[in-house]
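Across the two complexes that follow, subunit A remains constant while its partner is subunit B and subsequently subunit C.
The block that comes next holds the complex of A and B.
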């Protein structure tokens, strides 16, 4: 759809864009979005006084600090607007104030927050300073809300139908049969198959994507003018994310609903929104049509976000032509390729030249053959497929064999040469974490062999297991939970040394300082506690702890997934540098293809416990053989492409 | 702990607890009377400026008896809580980190302890051990083992699943290493606030045993015993039972308040 075109027409739109300019653009905006469904166009669409559905002006919010009279300003004069039938994306990293903005709009700020100034107009209605009773009438009826985590946003004791009916009951006194009719209608509207059956099921019986559809049904139950979607797809797999975003696009096109879309993902914002407001530390640093944000970013911070977003980086490489096949960093040639030098020489800080490359026929550091660890097995039943996956099973039956779904992993094989990175890609429940844990020796596989530097992971004796731990280290997803909150940073990094009784106290101290320098942590952090550090710093600590005993294989389990894009990019650069300097081998587990594409030399794609494809990264990303891989690749959001092929994307780049 | 916000009641509770502790350590600071010898003082004098809580049936100053009784009652309460804390925490930590038959066996024992009424259990134990202040304290302590074990187990189970424990094992940590360096320090703060919370009920239970005659033998001024001795005179000399009772209540409520404040702060 033509969201992108129409916004290019609205003038230079910084946050304080003069209202007249926007008014002038309105007529043009009106015509395009509803071309395909004029009947659905809301009555006021032709209203001459076309004002935005939501208009936030100069909004400032303070948070009072616990136990003191001081307060800290979280929002500094935020202004943004959502046009009728439009989607405005608010993009920012964690702590940028995007969720505070959303909460302020519906008057649901935390108890210690207070609005210092500003105005929030929903149509003609001033929401700031409105009484609780009025806000309650507005919420649900005029403003719908889609929360981030579908997992715990539905009442688990009520059926899906009752959950959706709640919104209807609160605002309208209608009879039971009518409510039921409307609920079924809504469930069908959001694309749930067999709504009658779904309405009687409980939330835990539904998948994440289906639950998010149910929440969307609740949000649109009373046909609100505006939907606030707070990271609605961040907890979902890419393929599911794509379908949920398509649904939101449909609602916008067919019902004329406006959407305020909160996200940390610039690529999603660029793909779906017509206007993007970039937030940084409580300020809107750039507010412009989506196309302009990508073609001509004005603000340094926006440029940095664009540069660091992994999926965008791939897009730019593809489209500028220079990166044809460039799935890897430019520094490819500097990297050590062979295992020979690594196995013979000491592993401490050896400078790695391109010499001594042993080539592909060198013995791999990690060799996995038919590895299986199965927790449970389901046979595939065609009629129990959720709609999200209808296409999958159809495609799956195209492939030669039809296999049972497996919880865990079954029959996985690959080799990883020393000094290279193997990416393991899959959606949640694909078994990638099980694979990582098995290779790190934390769980014993049922069958198959995994040789890591000569150790067979499946048959480790008690003493071997401890030696093995010096060879393989695991870095966890969430750095905030991976470091004991009671430990100082220095003690946390030194722990493996203490466990293996390496060196004296002074030697350990020196070694910790050395590793901290390697991961670019300032030495003064050594005495701090984990809670005083940021997520990115903590992930550096976790990496330092893994490196301190000089392992040869590092298993990175979603090691950058919990981090903001700019931090993510820093950590990826750090990992690349460490690999170059120390000749490390990585097993990089991630759901994020774009990230894997940046860092991996070889890739395995896993789905429902099976390895569907494995090979060099270049081949997987450019010539995927398996339909599942193709679907994953297609689901990466890219701002160049608009939703469901509704309109051409060329407008953006011109 | 740093962001501990003190409500006025918490401050009052802390002051009461402080006075109680001072009375236990330096009883001479609070009263000039001898708790065990009334001398020539008439019996059952009502409260006055000289005898704040009046005198009992043999002319002893009731306030002095309460002040001197603090050391016995508080010491016994500390012993009781100590027994429950140490034994319960060790059982709970081991059970929580060693899933399987050991965990099952320990937790079934704890279930049995929980299913017996506390008073009945402590009476049985004190009869087995013999009467006396410390024995009564141990008996009361045993009844709280189950509570501590449950809490310590649930803490250690959740901490045992955390990434930093996995990371500690992954970097070569042994079981005892991880238990001592990671699980115990992180599990201990809620357990300690339960301990403070338990002091109040331990005082009550010890006073109950004293009242029933299973605790400290007379004439030692233990709180439960003081009330017990005065109960025959409730109709004529209410102060002999009511005022010591009020002191016990105040101290129990104060420790309870401190305990729950600490619990909220550490949760």
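The block that comes next holds the complex of A and C.
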């Protein structure tokens, strides 16, 4: 496959000079767009020579800058295509231009954006330069759109049924009674139970997964040839994501719908798409069949993405049979190349040395016994509003499902040895953040004890509480909101020192410089404001601020979840290095199993307020006992499926 | 139901507080209505005679006795007698109220329509310059003094163009210019809030989703934006009721309309405390009723407020704003 692909894709580009064999000859040249006329490329799915449903060629888009006549180019000659019944994934990090590409296809670019050149063919129809009236006829009827955030993408004041009926009403295809019938049919089609009831409900009465189903129903209302799905599962839990992706696969198989799938998640792209276009800074740097992207990536940037995506790393690990080395070892490989390799083993005598460190011989820094903080409780039977989860309850009777749902956490117990990392994994609403807050002393538990470095979190006196705050620090998910925008970076990092009245002004300044060096922030950033820094840099600032008063336990609540994979990998490497150098203990809270697998020595899995499983990371990930854990693990996208056997992807296509 | 009973209780409390604060402020001020009326040297009354009148009218009682008499009177529905004219306050108000209600209702409806037109043109106007012009209209409106604008309107439309008569006009004719004057200060805040909330709603993902279904801008405005943008505008519409009361004082004086506004202006100049107290209570009552209606409309417009506990929280928070505002208005007016 890859040999033929190479010859076909190296054909003359649509507008530029031919670049024979550029993938083989110039793998480093990643700034050049992948020029590839769809006419030269056999359609991926089924019948070669068939015209693709969507073909974007040499698309360039400019954004005019505020208050000046200058403009910035956001897309540089982007070319890609979607075959009939196929799924092309556009993968890239934030700011890579993937969403701009999607918007340009349906002529819904932002007001300050303009198309500089290119062509967008939907079948035979040229969409670029088409009038607004024609675009309005195309949108909804020929191109469906599934947005990223199901939370805000349905009109909150309209019933679910009215939301789905919008497309039918706008295009005036059918009369009122038929509309209602069609809406119920659509809701059933996307797997919502009791469509009649759902149609009369309002969006806020539905769970995230159900809302995304409703959005899919309204996107397919008029059976469009193409669906543009812009990060359709990024806001969803991993088990819900899996079901939504399955639904999209069904639609392709049964209705022959083609999908342009925008995602930041290379693993999802690899698992579901048959063609992947990797974008970086407004250019398509690699465009190839999904299987080849994973087995034989041509471009450096793709390789970096593959290396940094935690879930993919696990796959690679399994394939190469290195799994026995322990779960956090892959990060070690990155240390010398990571650019952050510092004095290794700066502090010795720390209980670091593989999973053995988490063993019972080391005295636990953190000891949690029967900790509970319950906000509300529902019995399982009454909860019929979430079929996304309820439908799976038939499969297994796992620990959580035998008990009532708890909002908050109930009866959680684990020990964490000093200098190790304990991962807390769970989906949204599982209570993992409540647990983190309780351990950071921000909320008082209802019952149970949590001993952190000798302090009993539940019974802290006023003075003890102050000392305790120096022992435990918290790092949040979103550094943009966690750091006061009016503070300079230096002031933000020095804030805890000032609060605890540590040292003189000069000493604080010196200490801030020291931690900034530890977290690899260039000293010249000290005088900057938070808005001038990138997300990754800001998260380093947040970590530096946590470390500046030398805590022993750091609670990381989804600390890398908002970051792009390459940045995420850098921050994870940083955390590991800091742990090694400073002997820190982490409580690492995340919804992302792959990340937890990478960084944690021991793991607790929580679901609906209950701890369903706890133990060494390797045991949890390789031999999960609880059905819920198994389900979570099974839901992680695995591009290996497509990479190892092209059979599964071809089954989808036909 | 419990919610409504609670709100009515709150309204009664607001009325009581408004009455008390108004009484106290009037008592603190030096002089009284009797002095203002009879101490005129032209009447040639001796100080002993004036003291006699004061004793007869109860004006020499300590303030708390006067307060108690007035309060019990109000509870019985007896608003007392005007010091200035000697007429029953309830009669004075009964005569003045209908014309003011007609003015207020006309002005309010016209202002609401104007606000919608301004907001739609400022956000959905075809040309950029058009949107800009209408975007700045609210700030212009709010900066124009009501009395000045009223005089200008009378000058231009009545005296120069002769379209509307201000001297002895018919019942409908007499409403046009005063209502037009009041539209300015009332429509401006509503339009301003509406523009911002339309902009905000338009940026919501669900509007983009509807656009991606092929909807035209007009369809989006009607089906997706309007109801979602209405809520903040409704809140502000309730709050500008105070503007209506203050505006009525000025407009009725400028156009010589007999109404609550004119009654208030006269009562202030003659220190006619019983009339002032009654006006304060009346204005507060109007305020409380309008805002109760607004609060009850929320769940009608926004389904998310219909369920359970979510409702009283924003409502009670808003009550705090509501009971402070009318008092201030009245204090400024008196």
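Of note:
By our rule, the second predicted complex is superposed on the first by the 544 of 654 C-alpha atoms of A that agree within 3 Å, B and C clash if a C-alpha of one lies under 4 Å from a C-alpha of the other, contacts with A are read in each partner's own complex, and residues count from 1 in each chain.
Definition applied: contacts are C-beta pairs under 8 Å (C-beta built on N, C-alpha and C of every residue); 3 or more make two chains touch, one makes a residue touch a chain.
All figures in this text were calculated on a predicted structure; none of them were measured in a lab.
Applying the stated contact rule after C-alpha superposition, one finds that A:553 touches neither subunit B nor subunit C.
In the superposed model, A:166 makes contact with subunit C only, not with subunit B. In the superposed model, A:138 makes contact with subunit C only, not with subunit B. Of the two partner chains placed by superposition, only subunit B is touched by A:483; subunit C is not. Shared contact residues of subunit A with subunit B and subunit C: none.
Every residue of subunit B that touches subunit A in the complex is listed here, in rising order: 3, 5, 162-164, 166-174, 177, 181-182, 185-186. Those residues of subunit C that touch subunit A in the shared complex are 204-206, 208-216, 219, 223-224, 227-228, 301-304. The part of subunit A that touches subunit C in the complex is made up of residues 106, 108, 136-141, 143-145, 147-149, 152-157, 166-167, 170-171, 202, 204, 215, 218, 221, 228. Listing the residues of subunit A that touch subunit B in their complex gives 66-67, 440, 442, 466, 469-470, 473-474, 476-478, 481-486, 495-496, 499-500, 542, 545-546, 549.
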